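Heads up, the next two complexes both have subunit A, just with different partners, subunit B and then subunit C.
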Partner chain A sequence: MDFFITILEQGFIYGILALGVYITYKILDFPDLTTDGSFPLGASVTAALISRGMNPYLTLPVALLAGALAGICTGLIHVKGRVRDLLSGIIMMTALWTINLRIAGTSNVPLFSKETIFKNGFLEGLLPEGLLPYRTILVILLLTLVTKLILDFYMSSQSGFLLRAVGDNDKLVTALAKDQGNMKILGLAIANGLVSLAGCIFCQEERVFEISMGTGAVVIGLASVIIGTSLFKNLTFMKATTAVILGSVIYKACTAIAMRSFEPQDMKLITAVLFLIVLLISMDRKKKVKTHA
Partner chain B sequence: MKKSTTAKVLGAAMLTMSLAGAANVYAEDAQYTIGIQQFAEHGSLDNCREGFLEGLKEEGIEEGVNLTIDYKNAAADMGMAGQIADSFAADKVDLMCGIATPSAQSCYNAAMDAGIPVIFTAVTDPVAAELADEEGNPVGEITGTSDKLPVQQQLEMIRTMLPEAKTIGIIYTTSEANSESAIKEYEALAGDYGFEIETTGITATADIPLAAETILGKVDCMTNLTDNTVVASLATILEMANEKNIPVFGSEIEQVKIGCLAAEGLDYIELGKQTGRMAAQVLKGEKKASEIPYETIEEASLYINSAVAENLGIEVPEDLSSAAAETFTEITEYTAE
Partner chain C sequence: MLELKDIYKYYNPGTVNELCLFKGFNLTVKEGEFVSVVGSNGSGKTSMLNIICGSIPIESGSILLDGKDITREKEFRRNGKIGRVYQNPALGTCPSMTILENMSLADNKGKTYGLRRGTNKKRIDYYRELLRPLNLGLEDKMYVKVGSLSGGQRQAMALLMSTMTPIEFLILDEHTAALDPKTAEIIMQLTDTLVKEKHLTTIMVTHNLRYAVEYGDRLIMMHQGTSVIDRAGAEKAALGIDDILSKFNEISIECGN
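== the complex of A and B ==
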């Protein structure tokens, strides 16, 4: 039972990260490596604020804004500086390493003695006795659900529609007299805001900020997006955002199971193989569609 | 008929139970399970783990006999560290052992709510890591050993070895909290021995050649911390330093073996043993982890490599060579494990 709860906890936290990666990778068609820096950015902001005594719930919007700012920087480098998409992400990711160290003050900030969004007097007063052991998963579930619903709402708005058009058909955006560069920047801001929010939650769940925690974040995000969108492709009633979050849970379940039977040293290779398999399966389907047409 | 069968079964069951009871007394009762999480693949940390198992064995808790070990390496990945610790908690191990700061923290995070005691080792600054309070007492069911460097002894040793030297260079990784606190200590104490400290920070292994080139031009000698990234690339640094005839001091025995001039260092096997004995106390229920303050290794040992001294043309002072715990007469080829 604990085993499944752990998977769900991790899966939902990284699900928020995956939503961010979904926006850049699937909607904007932008391979955004800023993710590896904006995930720990959310964590460093959170650690710095909580250790200075800020209410843990207020760190959520602050981390979101910090991530959005990082996304805007990547966007400006790409759109205004005309730097290639991959390179703009790499530049921001590199810069964020130092920025994160500076914000947190040091490379490792523990939060064991501090109140977090999972452990505080308010929550303990709110929840009935029996539910207390499940407070972590309940809070994560709530946060992920709210994030998803807000994102769904945004996607169905006019601005969300334009955002989706940037990746698919940028001429349409121009035809509608909107600047597609600005739409890209907006998309990157939302995406990195979400990634940073995930970092904020992860840092409070682990009760520690560690500078290296962003390493590989983009890979986890991409794998979740691809698993989610290709596995649930035929379930047309399911929203892509739901599929992506479920993809993240499946990914975390796979790693948790793999961890039991393989050495953790081999995990990166297993991740790579898993990633490749899912990619091949989803590509195969695309081909079939084309030949039918 | 039926009754007698029941009686027989009962009798057999009772016999088995009493036999099992006797066997239990024989094997010193309970079976233990320990989840060991090591943060990265690293010679010193491997030694810690080896010593930890030896320390437990000294107290009669032996792997394969009455101890099951679940060993996992986090491959320097914080997310992985959290997941490993969570899986230990889900498996309800009797004790978790976290080797190096991030692993100790993630074990504590997972164990805190599950009520599992945690023993850590190779944590340089348990207070800064919030694994102990300001007075050094446990913050919960967690205790262990610290591998804080004997900075003062090291400076004293360097002064005796090189009476003329003025500047000591240190390369460190900006992402390692352990290194940062060690450097602060070096900077605070260097003045007492008439040294100046010159540091250069790196972010990854790839930065080492350039960083070494820069710093070697400015210093009279170098000293190492227990910095994971730097220690892993020590061979590169040693080669460049040798070209310039600049002595490099180490922080533990393994580094002296592969070509550092000398070290007032820790014996990580010894540190691990000390940790293992603490774990045994907790497992046997003699003391709770929250009742044992964390420990540091009492005495640093001096290691000297006379072959390196000869290559550098340095005469090792009599005081030092007689005080050395071990003197190596050859340089072991560096092999990545």
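== the complex of A and C ==
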């Protein structure tokens, strides 16, 4: 039972990260490696704030903003500096390593004795006795659901339409008298804000900040997006955001099952191999060759 | 009124491939005029459109729209008053969005794209009414993704979308070139109807000499960055395909083709 709950917890946390990757990879068609830096950015901000005694719930908006700021930087490098998309992400990812270390102070910040969004007096007073063992998964579910609903609302708004248009056909956005560069920056800000939010929640769930926790985050995100969108593409009633979150849970389940028969140091290899398998099965690579032109 | 004054445009400046396209090019398009532009490849037709829209920079000269200097204005800002349809039907629409979503996007041009709902349900019938006269059956496919439509259907949508909101200028860049003859005819008639209905000032670049002769009230033929034929009104009406063709041949012989 615990095994399944852990899968769900991690799956939903990474689901928020996957929503961010979905925006950059699927909507903006922008391979954004900033993800590997903005995920631990959310965690480092959270660790720094919580160890200074700040209310854990305030770390959520702060982490979101910090991630958005990182996304804006990537966007500015790409749009204003005309640096290629992949390189802009690599630059920010590298820069964020130092920034994260500076924010957190050291490469490892334990939060075991601190109050988190999962463990605090307020939550314990709110939940009935019987639900307390499940408080972590309940809080994560709530946060993921709220994030998804807000994102769904945004995507069906006028601004969301324009964001979808910019990845699809940026000439049309220019034709609509809007700056397509600004829309790309906005998209990167939202995406990295979500990734950083996932980092914030993950750090509180694990009760530790670790500088290398972001390594491979983009791979996990991409795998989740590809699993979700290709597995559920025939279910037209299901929103892409839902599919992506479910994709993340499925991916986490796969790694968890694989990890049972391997050592912890095999983790990244399994991550990479699983991603490759997902790519080969879904044949998403073909889609990258644009059929419309 | 649009004025291009003393335009200089070089390609690859400072290299061995430096090419001077426009050397003091001038053009005035009056309010409500429908100008057809013909000319061989590389004569500067599309470059002229790109200069008007701000898609490419110029070395010197000025561009005036209704007396206001827009030379330094960014492309997306100029597009507030300009509608443009490209040769490639994919450039005027968003393939992964539905017809309704595309129409809603175009309908909001000139306003802010905020957090209000992307599609206004009250406008759906209006969009259907706009699509119905095309006779392409698009009004019954409001929830179909534009990517699954044919080139002609997409181009018809692109044309509708670019003229949906009040614009002063319509730029047509060989917009029938990628279509089959029958669809091209439909699109051309739609263009003519829209231009007359909305009294749009229009510049249409085309390789189809018949369209250039039949439509519009002024005809320009470009060659190496200058206009070699420029007829308006009755003079234009008297112009036939043969006249243009003979001029084409004359130029080709000069160039040694």
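Everything below uses one rule, namely that the second predicted complex is superposed on the first by the 273 of 293 C-alpha atoms of A that agree within 3 Å, B and C clash if a C-alpha of one lies under 4 Å from a C-alpha of the other, contacts with A are read in each partner's own complex, and residues count from 1 in each chain.
Definition applied: contacts are C-beta pairs under 8 Å (C-beta built on N, C-alpha and C of every residue); 3 or more make two chains touch, one makes a residue touch a chain.
What you see is a predicted model; the values in this text were computed from it and never measured.
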More subunit A residues in contact [subunit B versus subunit C]: B
Subunit B versus subunit C as contact partner of A:N108, first or second or both or neither: first
Subunit B versus subunit C as contact partner of A:S159, first or second or both or neither: second
Touching partner for A:F262 - first (subunit B), second (subunit C), both, neither: neither
Touching partner for A:Y57 - first (subunit B), second (subunit C), both, neither: neither
Partner chain in contact with A:Y134 - subunit B first, subunit C second, else both or neither: neither
First, second, both or neither for A:F122, with subunit B first and subunit C second: neither
Which superposed partner A:I211 touches (first subunit B, second subunit C, both, neither): first
Of subunit B, residues touching subunit A in the complex: 41, 72-80, 82-84, 86-87, 89-90, 101-102, 105-106, 108-109, 112-114, 128-131, 139, 174-177, 180, 203
Of all residues in subunit C, those that touch subunit A in their complex: 74-77, 79-80, 83-84, 86, 88, 90-97, 101, 104-106, 108-110, 112-119, 147, 162
Of all residues in subunit A, those that touch subunit B in their complex: 2-3, 6, 10, 97, 101, 106-108, 110-113, 133, 202, 205-208, 210-213, 215-216, 220, 255-256, 259-260, 263-265, 267-268
Complex contact set, residues of subunit A against subunit C: 153-154, 156-162, 164-165, 168-169, 171-180, 292-293
